[in-house]
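In what comes next, chain A is part of two complexes: it sits with chain B in the first one and with chain C in the second one.
For the complex of A and B:
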């Protein structure tokens, strides 16, 4: 009887617990708290934190190659590049490119914000990361979770957990990170600028946009194809108006299902041995740096464009060039309406905001081409 | 670890330039395609208008 009890104890995970596992439980509980209590990106942080918790229970072997349950989700979903493009399909089915089509100049604001990403690449190299790792860290500045996961899984898979959590955490913190940068880099007079009314966009223009844009990007940067093709297909579903069932499936059921697998797989990559590393702290710091510099680059780009434009744009909308949709646009609207109560910037900011999604994909594809 | 500075500068320069070129190209194409569609749609609307003589008869 005693032997059976002894065997039971020795075969349990409890005796194999390490201090690292306990620290990772703490990380998981903090993220669970942020997801449930503070509602910071709960759709992703909740499965991520649960993934961290269960993968740090010894002897469960959930991430054991060829055997573990979550390893299969990770291997076929992320390593095979299935999940991030499917998220983009759902995103495309939800995005309205109307404000961007009405004001195509805002595409340049989406490009401007990506400049911060390359500055961070430079900084990450100086911090001692290799080129592939630096590319994966820099993309956090694009504030686009699926693109960050897509690029990191190709360039530096060992950093996947840290870069993904960093990207989603900073996206959730947009209302805290961006306003100080906006007020620092713009004058009161600039924040008060009221923009001219957006022109109406016809249904045909909205249908043509995903076709023309998708083809152009895939011809110029073919490595962007997995993400951009799905984004534009989802948008074509929506704008065509003839496949409501597919639009609903892509933006609801499919999106929700892949979000569960994505969150769980990302969380499960964060074992004590990979996550408790001084490099991870640097990744979080550089991620924040990337986000701040990208916001600043968008604002500066908008101010630069104003030097040449007859109808001035409110430079605040440049901050929406980071692609955190729609949080960045909402944040711009809030800061703008604080300066001028009659200013309604939300629709104007949605243009650079969705341009930021396209810009981040293009930037990731160029990084992949150069470093992959 | 030795840093491969020529590669870093290449990635940095080609990245910034590449993103701006692609987005600029998209801007031009979007402006062009919307103008063409506007022209076609306005043309169609013009074509749909009833002839002046008929309008007068109705009134």
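For the complex of A and C:
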């Protein structure tokens, strides 16, 4: 009788708990709180935090290779590169490239704001990260979750939890991080600039855009193909106007389904042994640095363009060159309307914002090609 | 006759005024919603509202007339 009791106690997870597990529970509970109470990116943070919680219950073997339930989600969804491109399919079916087509100059802002990535890459190398790790950390500056996951899972899978969580965290924190940079780097006068009306974009242009841009990018940087092809296919669904069912499936049902597997898998990579590591704090710090530099680079790029433009652009829209869609564009709109209540920058900011998505994917593809 | 024009595309979230109301420059008249963000639209003139051309929930395009003021 006593033996059976002993057996039961020793086979329970409780005796195998480590202090690290308890710390990870705390991390999970904090993230759950932020998701539920503060509603910071709850669609992702909620499954992520639950994933963290359950992999830190000993002897459940949920992430055990070839056996664990969540390992299968992770292996086939993320290691096989299936989920991030599917998210991009849905994203493509939701975003409107119209403001970018109407004002192609804003493509430069989306490219300029990637500067933070390159600066951070070298900073991370200086801090002692290897080149693959540095590339994965730098991409956080683009504030694009799926792209960060895509790149990290190829270059430095052991950092996946940290880079993915910081990319999503900085996306959620755009309204806190960006405004001080915006007021610091622009004058009151510049923020008040009302932009000239965008020209109308025809349906034909909107249909041609995903095809032509997609082909061009894939011919130049073939390693961007998984993400760009799905993004442009989703957008073609939407702009063609003839496959509403596919557009809805891609942007609603499929997107929601893969989000569940994505969140759980990312959370499940964060076991105490991989996550409780001084490197992880550095990753959050360097990721923030990358995001701040990218914001600044976008703003400075916009001010630089104004030196040559007859119709001045409002330099605030440069900050939307990071790819957090549409948080960064909303943030620009809000700061612009605080300077001048008749300033409606939302659509102007969407140009650099969607260009930023493309820019981050291209940057990731270049890093992948050179480091992978 | 002055008109209130939609500065961005979106849907009409709230109408804060009614026909017959007297409005002043910079009064908040209508709140549009675009990209899950509320954008208040302010009055450009002073006068009396003689017509409101939209109702809550309507989708509007940039440049659409929202209201007419006398």
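The rule is simple: the second predicted complex is superposed on the first by the 372 of 372 C-alpha atoms of A that agree within 3 Å, B and C clash if a C-alpha of one lies under 4 Å from a C-alpha of the other, contacts with A are read in each partner's own complex, and residues count from 1 in each chain.
What we mean here is this: contacts are C-beta pairs under 8 Å (C-beta built on N, C-alpha and C of every residue); 3 or more make two chains touch, one makes a residue touch a chain.
What you see is a predicted model, and the numbers here were worked out from it, not measured in a lab.
**Q** With the two structures laid over each other on chain A, which partner does A:344 touch: chain B (first), chain C (second), both, or neither?
**A** Touch partner of A:344: chain C, not chain B.
**Q** Regarding the shared-chain residue A:108, is it in contact with chain B (first), chain C (second), both, or neither?
**A** In the superposition, A:108 touches chain B alone.
**Q** First (chain B), second (chain C), both or neither: which does A:357 touch?
**A** So A:357 meets neither chain B nor chain C here.
**Q** Identify which of chain B and chain C touches the larger number of residues of chain A.
**A** Result: the larger residue contact count on chain A belongs to B.
**Q** Given the touch rule stated above, what does A:329 touch, chain B (first), chain C (second), both, or neither?
**A** second
**Q** Over in the complex, which chain C residues touch chain A? Could you list them?
**A** Going by the criterion above, the answer is residues 7-9, 26, 34-37, 39-40, 42, 62.
**Q** Residue numbers of chain A touching chain B in their complex, please.
**A** 100-101, 104-105, 107-108, 110-111, 114-115, 117-118, 121-122, 125, 128, 130-131, 135, 201-202, 204-205, 208-209, 212-213, 216-217, 220-221, 355, 358-359, 362-363, 366-367, 370-371
**Q** Tell me, which parts of chain A touch chain C in their complex?
**A** For this pair, the touching residues of chain A are 197-198, 326, 329-330, 333-334, 337, 341-342, 344, 346-347, 350.
**Q** Could you pull out which chain B residues touch chain A in their complex?
**A** 1, 3-4, 7-8, 10-12, 14-16, 18-20, 22-27, 29-31, 33-34, 37-38, 41
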